[in-house]
Every structure is written in structure tokens, then in C-alpha cells.
Amino acid sequence: MSLNTFGHVFRVTTWGESHGPALGATVDGCPPGVPVDEAFLQQWLDKRRPGQSKHTTQRKEPDAVKILSGVFEGKTTGTPVQLMIENTDQRSKDYGEIAQTFRPGHADITYHQKYGIRDYRGGGRSSARETAARVAAGGLARAALNELVPGLEITGYMTRMGEMEIDRARFDWETIAQNDFWMPDAEALPDWEKYLQEIRKGQNSVGAEIEVCARGVPAGLGAPIYGKLDTDLAAACMSINAVKGVEIGEGMAAARLTGTANADEIFMGEDGPEYSSNHSGGILGGISTGQDIVVRFAVKPTSSILTPRRSIRLDGSPTEVVTKGRHDPCVGIRAVPVGEAMVACVILDHLLLDRAQTGGVRGQIGP
Amino acid sequence: MSLNTFGHVFRVTTWGESHGPALGATVDGCPPGVPVDEAFLQQWLDKRRPGQSKHTTQRKEPDAVKILSGVFEGKTTGTPVQLMIENTDQRSKDYGEIAQTFRPGHADITYHQKYGIRDYRGGGRSSARETAARVAAGGLARAALNELVPGLEITGYMTRMGEMEIDRARFDWETIAQNDFWMPDAEALPDWEKYLQEIRKGQNSVGAEIEVCARGVPAGLGAPIYGKLDTDLAAACMSINAVKGVEIGEGMAAARLTGTANADEIFMGEDGPEYSSNHSGGILGGISTGQDIVVRFAVKPTSSILTPRRSIRLDGSPTEVVTKGRHDPCVGIRAVPVGEAMVACVILDHLLLDRAQTGGVRGQIGP
Amino acid sequence: MSLNTFGHVFRVTTWGESHGPALGATVDGCPPGVPVDEAFLQQWLDKRRPGQSKHTTQRKEPDAVKILSGVFEGKTTGTPVQLMIENTDQRSKDYGEIAQTFRPGHADITYHQKYGIRDYRGGGRSSARETAARVAAGGLARAALNELVPGLEITGYMTRMGEMEIDRARFDWETIAQNDFWMPDAEALPDWEKYLQEIRKGQNSVGAEIEVCARGVPAGLGAPIYGKLDTDLAAACMSINAVKGVEIGEGMAAARLTGTANADEIFMGEDGPEYSSNHSGGILGGISTGQDIVVRFAVKPTSSILTPRRSIRLDGSPTEVVTKGRHDPCVGIRAVPVGEAMVACVILDHLLLDRAQTGGVRGQIGP
Amino acid sequence: MSLNTFGHVFRVTTWGESHGPALGATVDGCPPGVPVDEAFLQQWLDKRRPGQSKHTTQRKEPDAVKILSGVFEGKTTGTPVQLMIENTDQRSKDYGEIAQTFRPGHADITYHQKYGIRDYRGGGRSSARETAARVAAGGLARAALNELVPGLEITGYMTRMGEMEIDRARFDWETIAQNDFWMPDAEALPDWEKYLQEIRKGQNSVGAEIEVCARGVPAGLGAPIYGKLDTDLAAACMSINAVKGVEIGEGMAAARLTGTANADEIFMGEDGPEYSSNHSGGILGGISTGQDIVVRFAVKPTSSILTPRRSIRLDGSPTEVVTKGRHDPCVGIRAVPVGEAMVACVILDHLLLDRAQTGGVRGQIGP
């Protein structure tokens, strides 16, 4: 009940510290018979892997995932799947000062206050390295979704980085995979690159906004009242390191709208109900409508910067912290595949959950 | 596993439909020995109760809460507490049309698609009436918190209603309870009243932004990685009807900031660590810092408006929906006590959870 | 997390004390579209109801169950079902002595030690009255099973009462409902009646062994490793008041057998695999085989007897306890419908759980 | 929700197959600051390890446990502890026949029926090898209990093996660790050895009864109604491979007793309440009394015997199965440390759970 698990049916428990021998995900509840292998999972890990571009940390980790259980002859068996990633780039170094100092904006101080002990090497459990395990589990979720809902696509992309924002009129799905920012607006790309270089030169960091869109999700997924689809998506995204806000559809902007402006009117299409707009982000009353599921979250700028910040030591004495070393000027970039992984896990989870209660039967609409 | 329960240790299961005989909350895991009676709970229900001001629905429900179990001689016994609220204002009427029509922006269509059956009277289970049960449970959480953390205060207030926004420079705690909007900016009050009257006259509705602040929360609460304090707060708020976005501290604005601007520097105060600012909203790495916990959420404008909206019937035929009757032009007003209740439940839950794992022991800082 | 809930998907939370205003069961996760009404549930409550025969307590409780939510127009909607039973026979009396005294063999002392407070009226939460709520929930489980697995039958019966034991050679399904003991051996009946009368005259009580057999359960239900079908059945039965042992199939006797004697050989029948015997009680590796599920549990003799027993008071002083009033000489009799209810809940739960993970798909055997 | 997890607060998820690369336990919710290392855990694994005596399987597995996370500088940190055991003795062999055949009394057939796919090598997930992971987790639970409840002792021993039974008058705690059976009756030892040799020579196997006694457990642990201490102990033991019955205190024999014979009278001792006897097995109303906790379970004889048994193949055709190779004539012997591990986990879990709800406060008895 220390809650390192998420999901109701497709249950993912991540374990491991940044500088321990390994980390991973124990996944229980995966449907049997799903084709999957290490290569399939690795492609998502490679997307998140550090050292890929000049914009991310230069820490070199192959992040090679191993399947230790639950897969037999290329298919899941319905038993727990253990996904392990060994840590290889654990540079030996003097942790003397870090062990005694609380970095501002980090979990150093709260872990110490809560547990009275912490693995201070690289942030220990609170390190963003933990998200590698999420991405591995998300890969498994994608493999299962491929079987259960052919055609479903889950795509994440950046919509804002500090003062840079995409122009939705130029949104292009193809562009996303073609740049280092997972960004859908090709025209804005040069400005983004220049902006981030300045941030880096300024020994600073910057926040980001990521959107994840799930297309092809069937209507009827979600478990009101407290396991609503949007509730679980909000929890999944907020649980990612450094995330401070989550939105579904209109999100916080809904507070500014009137009922007439916000209404998604309903029409009868050929294959079922259709909507005039998607202010709801594809979810009504906690249940999917069949429209695109649209989730957005904000990642704060990392506090690991070269500019000195005031803090205290374990003994209460004042100090200044400068974070040298291998850090991302915009951690939001690598949060894109993590957000996708979380959304994949939640959608699979609700698909399985829905089978439990309704058997997948659906109320018909139409003549 | 239809997930009508929230909380890990302090577990609240709400039940009941808008127009059934009763609704309520089954609360399991409340600490024993907590002084509580119906009058204590009723004060919070009265705050949420409809028909209180000209700005809320005129449905008359006394919303009188009864304690059916778990309290003996004025104190909780540690056994489940059943909190029941009988529905009294169930006007008999012709549901013929409503039964066949899906109101836009409502859960009518998704409940039908998921379950193949729905209690269409007043929205059934998806009605905001369900939040009365949350408020009752929140009252019990407050009673327990009063015992366990004297001095802790949880206060909700509106920060935005459509185009109206508070001026934080004029924020006044005392003002909040003195107006119909639970709003902290007395000077803006006349404008807000005028604005909402226009919305109502325009047969429209409007969204709102609510902030809940918890003061006096001890450091060390939260259960990384997936039951982080902010994760559970996000889930709790997102589970409230009509909520589309949740923020902690800087929230979505964190995406716009640089690391230097966002840093909360740390100092040693007389009673422990103090911070130069609270961009984090009182939570680092999913664990409370001891600062104010600041949560914000956006409530969409209700779709129950007098302006006609296009929709379909069960048989797929097109129709127009006009929602007559007793609806709030700004449902966000009554969401204030609901948000407070959810925050109270989450904080109590994490207080109990923390006792389980750490026994409440804390890492010391200082000489 | 005070764990007044059982079940994974079909989740039953019971609440209420023996002498409070009401008790009941909050059932979450029931499939939608299941036909059910109060009369259907009442038949099972009537089976358990006190005052039915000379062998059970003469406390008069109509035990009328009310459905407060989750059922609309005669069918479940998939939302929580609240089943409430009001307490009517709460005789006012002087609780002065009971409030200060711990009855031997009762939970008085452990509830006091754990919680520091207890509702001493009639045993409060630890009273066997709580099982009325289980029986109501079990009725709902039966209604759902009737829809999902036509032909499935769950029948409980006594196999032992103190020194009296049934002769399995005379086992007759029809006899069970025709006697006050729910006993399948008509020839032994006069001896059982005489025996229990002597127990009663001797101001004593006696234990019992109950068996519950579920016929028509499909193969493939169960969730290894820790939610095995037998694991959950054992937990469900052990959670019933006064139960001290649980057996599946051969049960404790398996310790005496050799591998050759215990083997259930497998044959190919017309409709699938068949077995030469059922030592396993219908469960292999935690998963149902399609054979009869056979569960047995022992109920200890109630400590509420007229023969004085030594005990202590709250202040530690010695005392003697004689339990006057309305108690059963063999509480095991009324445990029969309770055992049936628990088995019904577990089987439904695993049926729904299995749909979640496998979608109900089954591995084929045969050409 | 495939339920490979047990425990409420101290949550153990085991993973891995008999012949996969590794198996292990992911333990979440361990208190921080508990001293533990691999050597401490290894002692319990060595107790269970095969090939230790002539009475157990000669499969050679070092069963060396590795701690991959959650322990830093010799103490737990409160984050998940990953305990991994690599499989080394995976003899390559032809699985052709085993892959097509269902061994009687094994989970081969039910796993196939449920999942449609199974890892047939060595029983896959249903192999008793999975219990190595339980024993590792149990070692961690013991380490935590050593810190939290000094003096608590958990000891398992065999009380029956087929026709052999201990004489309780000769019960000696010291004897238990001094023989291959973990048996407390030294005088009976030669007979037991001779008996098991005959079973083995007869190409047969035999069942066993194991008792686990926990001494020094404080009063007040247990979470009525469905997470009772006895309920969770029953579930924990029934979840062990091949277990068919579980008893607390008098167990099934309670069905034979009268109320006067079964009563545990209460006295006031120097340190609190004492009891004249322990028919209850240390648990009343699901809560510990402070007496010895006594749990007993029966292990069926393994079906892996050299005597041919009739069965079927995947295609439905009849066959005969003879299990050659490295199997235990009495698997109950190696179930002793497994039973201890499960009891250790349950007691720690309830200790933590109790802290959550009551904060560990206790109702006083005495002047």
C-alpha cells in the first residue's frame, strides 16, 4: 500500500532506483495470447531513451528491456510479465555533498521527511528514470490493444515549450515523428530550436505542455463514479514526474466558456452517434463517447539547473545548489512517450474492466 | 470493481440515484473515537444544498443526513459509517421524452451505450446530486482531521466564473463565507452578480474555476509513485461532475516558466524548512512539504440550458433539446463545498496511509 | 481499509450494527440488466431469518430487505445497489453489566482492545446479524448468476452437528429443504432433533459442519496465484462468524492420503474432460475444472450459553457470565444460507473477473 | 487483477515460471529503515531449497536471492523491494509429450482451459517453485517484524504425514530444527522416516499437515469483517500449492464440540487478560487476543508419481501419465517454510494496517 501500482485490471507495479542495479515493471493482468517480444517493447524505450538528440541529457543508457516472465513462445500467457531494465551508466562519484543537501524543487527533502532515509544517488526512486519502466509497460499495453482494438492509435506531442506554442492550424500528424520535440508544427520548428538553445545557454530550463490523443477508442469505456476514464487519465498523467496540471478536452479553459459555446451537439452518423465538436475531449460522465480522447498535461521546468539556488543541508545550515552534469533543458520532450504509455495503460485497463462488468455488451442507438 | 469507491484507507463508496428513494455514502476505515454527529455533518451539506441563493437551482431538498451505523454514543467505533440522505423532492412527471432523448453534454448517451439501460430520471447516477454523499463523507473526514491534526483548515473558493476573475491582491479569507459565490474578492462581487444575471437572462450557463487550499498539512504525506498526494488530489477533483482540468500550484502555467522562475528556494525556519515561494502547491515528488496545499479545478458550464441544442433520440432520429426546470446557471458555485470535501478525504486518507507505512515517524532536519 | 468489503469485481461492503437503526450491503460492480426485485432477495433472507423453528433464536426480526438504488424498472443498471434491512426488534434494556463485561468466546474483548470503544449492544458489529446483509448480497449474486450461467445451482447443507453426522450413502438433495437443519439424510433426522434438544436442555450449545456444493460451474474460473478460486472461497467462509476451519474437496483429510488414492484420473467425455473422482473439490491450481465445487466449513458452538463461564470486567475484576435470552443452541443451522451466499458471491466475482482478463475465451480440448 | 498479489499494506506480487530465466517477488509497502540484506533472506530460502535431504527433490537450485531495489546502505527505504531468484537448473529436454498431455491432479488442464496457452515446462507458473518467491518475501516480513515486535516468533512444523501423527505430549520446540521433517516429536522420528521410505519405494506420495504457531503477537490485530486476521491467514495458506484445508485453533474439530467444552475462560493476568485455554487459536471476532496464533493446513499428496495414472491429451485421446524425475514423495516437508513465510507476511500486514486505522492506540483493561 505504498502505491507503486497503477491500474485496476491491467496492474503495473514499477520498482527500482536511478542508480541501483536495475529497475522494471511487474505487470499483472495482461490478457493471454498477446504476441509480444523484447524488440516490440524496445522501440518505445528507444523513443524515451536519453542521449538521442542534443536537446536531452547525454547520460548513455541502452535501456534494454528484458522479459523475464509471462511470455512463452512469443505470446503472453496471462501470468505476470516482468520487464527489467538494467542500469549500466552508474558513474562512480562522490555523493558526499548530495547526500547532505536538499536540491530545491526536488523530492530530496520530502523523501527524507517521510521515510527518514533516502537513496540520494541520482534522486533514487524519485528520478525520472522510473518512467523507463512505465514506457516498457505501456509497450505491453499497446501490444494488447493492437489485438483487442485494431486501428486504435495513441499519439503524444508537444503543444507548448515555455513561450513557444504550436499553431493548431498547421497541425500535421506526420511531422510529429520527424523532429526532436515530437512537435506537430513544422513551421515553428526553427523557433523552438533556437529558443531551447538560448534556455540552455542561459543555464536555465523550461516547462512544456504535452497532449496525447487516442483515436479509435470505442464508446462505453469508463467506470463512474470514481474510476471514470477521465479520472484515471488525470491520475495517470499527474503521477508522471514534474507534472503540475492535467486537462481533458477544453480543460481549464472550460471555466471561461458559456454553455452554448461549450456544447457538443449530437447527430446520427452512419456508424452511430457523431458530434459537432469535441469540447468534452471524448468523455461524457466519465465514459468514452467514441470521439478522440484528448488529454493534456504540463511539465514544470526541471530544477536541476546550473544557476545557483539557495537551499539547506541536512543539519539545517544554508547552502547553494548548482546542478552540474547531464540534465535536460526541457524534460517535457522525453515526457511525450511517457504520456503515451500512461494513456495506453489506462485505455487497456478500462477495456478489460468494461468486459468484467458488462461483458462488452453495448446499448444500441438507432432504428 | 465498478469503482464507486475512492480512497485507500479511508474508503468512501457512494450510492444512489437522483430520483431514487435515497442516496448516501458507505465510509469504511474511519479511525475510532472521533466525535461526530448528524448536526456536524449537516453544516457542510447545507453549504452545498440547492435553493440557497438566487444563483442556484430552486429544487428544494432538505438534504438531511442520517447516520445509520458506525457511530455510538457520539463517537465513531471504527466500523463502517453509513450516511444516508433521503430524496424528498421527486416531482412526479412525464419522463416519456427524456427517456428517449440524449441531452447533449450529458452522460445520457454514454450510460446508455455502456450499460444498455439507464435510470433517466434526473440523470440517475450521473446527476450532481451524487455529490451530496461526497459532502457528507467529507464532513466525516473533517471530524477525523480535527482530532488528528488540530489547526488544519481546508477552504474552497471560486477564482473565476466565465470572464470574471478574482484579483489576488484583494484576496481575503473572511470574505469567502460572506457571499453567494464563495469568492474572496469583495470588490469584484457586484460585477460577478451582474455577470451571472446576464448569463441567466441569456438562457445560458457559464463555467467556473475553483481553488481549494489546505493550510496546516504536515510534511511527509503522499505515497509515491502512483498514489502521490497530487495524483490522488487530481483524481478526486477530476471525478467531480463536469470537471475538465485540475492543477496543483502553478498548474498548466508551469509549462510557460523557466527553471529559475519556478524554483522554490529553501530556508531553515524556526520550526523546520521554509520556502521562498510555493510554485509547487505544497507538494514535491508527490509528498507534502508542509506548505499550503493548493489545488485548482475547472467546471464546465452545464449543458442544461434553455437555448435549444441539437441531439438525437434512442431510435437515432434528430431532435432539439431545451432543458427546462430547476438548473444552476453556474454549477461551479455548488462545486466549492464538493471540492473541499474531496480534498478533506484525500488528506485524511494519506494521513492514515502514512501511519501504516512509516508509523508517522519523520526524518529530522536541523542540528 | 478497515476491510468491510469482499470481492474483486462484484464488491460487497456490509455495514451496520446489531442494535443500530439498520444494516445492509452496498454492492458495487453488479452487471447491468439483471432482473431482480425485493421479493427475490427476500426468499433467501427468510431462510436465514431467526424465529423460524424451535431450533433457532426466538428474536423476531422480519428482516425485510429494501433496494434503495441501482435497480430501475426491475433490472440492475450497473450502478451500486444499496440493500438495507431495518432493525425492528431492538428491545430496550439495561446494558449496564454487558457494557462492562467481556463475554468469553466473543469479540467483546478484542474489539475493545483494538478500537478502545465498542457498541456493546448485542455484540454490535461482531453480531451474526451482520450475515443478513451477506445473504441479501448473495441473493443479488444469484440473480446475476441465473442470467449468466443458467443451470448453475448452489446448495448448502449440514453434514455434522456435534456427535451427529450424516451418512453420505443416504444423501438426498430433496431432503435438504424439508427439515429444520438443512440436512440431506432423512433417516438421521430424529436422532439430530433429539440430540439438539438435549444440548438445549443442558444449557449448552454445539458446533456444526456445513458443506456448500456448486453444480454447473464452468471450467476456467479462478485467478492464480493469490486470488485462486479456492483461496477466495476459503476467505469467504472463514470470514463468517464463528467459523474455524475451511476445506475444499478432501480438505484436511488430504493429509492422510497417498498420491494413488487421491488422484482424480481424467477421461474424455462427450462435452469435454471428465474425472474419475472429485478429491480436488472441483478446483485444480486454483481454477475450476467444471466438476462440482465442494466447500466445507466448521462453525464453533456459540459461547452464549446459560452455563456460567468465568471472565473479567473492563476494570479487570473477575466475574461470571451467563448469557440469557434469545440464542441459538446450534448457530450452524443458520450458517447454511450464509455459506451459500458467500459461495454465490465468490463464483459470480470470478466469472466477472475471468471476463476481464480472458474475455471468456476458452482453450479447447479434443479433436 | 489477475491477482498475483497478496497483502493489503505489505503487498507482495510474485512473478515467474518454473523454467523461465528467473522468478521473484515485488514487495511494496515495506516500512523504511528496516535492516536487511541478502544473507538474512537466504537463510529462509535455504530452509525451503530442494536437494537438502533424501526426502526432497534432487533438483539442484542454489535459489540465491538478489535484492535489486528498495534497500540502501543495508536498510529498506520504503520504496519497492525487488527480490529476484534466477533459475539455473533448467535441464534441456524434450517437452513434446508433456506439452500435449494433461497430468492428473495438476493445473495443466485448467490453465489450458482458462488461458488457451500455457508454459508447460515444469508446470510453468503453477509450479511449487513459485513458493521460493514467497519465502524471500516472508524473510523481508520477518526482518520488519524483528524491528516492530521484538520477541515475536513464527515457527512451522509438521503434525501429520499420511498415517503418521505427532504426539502432542512429546512436543518439543527444539526438536523441530533438528530433523528433516521439521517435526516436533523426536520419539516418532524413526517411524516417520521408515514410513516415507516405504511411500517412496511404493512409487507413491503422501499428504501432510503443517501447523504454524506465532508467539508474541500483540492483541488487537485484525480487520473485521472481511479482512479478519483468520480470514487472511486462511487465504494465505489456501493459496499455497496443493493445500486443501485450513484451520484456526480447534479448526474442523470445533464442529464436534459443545459450548462448555470450547469456551476459553478469561482471567486477569499481570500484563493483561489471560485465557484458560486456546481453542480459538488466538483470534476472536477476527482480531488477535495476544495468545499464540495457531494455523494448520493440509497439503495433498503430489500427483507426480511413478505409478501410472490415466489421463487425456490435448486432442482428447486417452493416455497414461507417469511422472519421472525429481519429485518429492512428501511435498508437505518443503511447505513448512512456505507456511511460515505466509504467516509472517499476514501478521506484518495487519500490524501496518492496524497502525493506519487506530494509530496503534489500544483500549485499556484493568484498574
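Here the chain labels run A, B, C and D in written order, and each chain numbers its own residues starting at 1.
As a working rule, contacts are C-beta pairs under 8 Å (C-beta built on N, C-alpha and C of every residue); 3 or more make two chains touch, one makes a residue touch a chain.
Chains and their UniProt names: A, B, C, D = Chorismate synthase.
A quick note: this is a predicted structure, and the numbers were derived from the prediction, not measured.
Looking at subunit A (Chorismate synthase) and subunit B (Chorismate synthase), the chains that touch each of them are C, D.
With chains reduced to the mean position of their C-alpha atoms, the one farthest from subunit C (Chorismate synthase) is A. Here B-D and A-D were compared by C-beta pairs in contact; the pair with more is A-D.
Between subunit C (Chorismate synthase) and subunit D (Chorismate synthase) the centroid-to-centroid distance comes to 26 Å (mean Cα coordinates, whole Å). Centre-to-centre, using mean CA coordinates, subunit B (Chorismate synthase) is 45 Å away from subunit D (Chorismate synthase). Per-chain Cα centroids separate subunit A (Chorismate synthase) from subunit D (Chorismate synthase) by 39 Å.
Taken residue by residue, subunit C (Chorismate synthase) touches two or more other chains at 1-5, 8-9, 14, 29, 32-33, 78-79, 114-117, 125, 224, 352-353, 356-358, 361, whereas all remaining positions touch fewer.
Residue ranges of subunit A (Chorismate synthase) in contact with subunit B (Chorismate synthase), taken from their complex: 1-6, 8-9, 14, 102, 104-107, 109-117, 125-126, 130, 160-163, 199, 202, 204-209, 219-228, 230-232, 234-235, 237-239, 241, 244-268, 273, 276, 279-281, 283-290, 296, 298-305, 307, 309-312, 314-318, 332, 353-354, 356-358, 361-367. Of all the residues in subunit A (Chorismate synthase), the ones that touch subunit D (Chorismate synthase) in their complex are 1-5, 8-11, 13-17, 20-24, 26, 28-30, 32-33, 66, 68-70, 72, 75-82, 84, 114-119, 124-125, 352, 356. Interface residues of subunit D (Chorismate synthase), counted against subunit B (Chorismate synthase) in their complex, comprise 1, 9, 29, 31-33, 78-79, 224, 352-353, 355-361.
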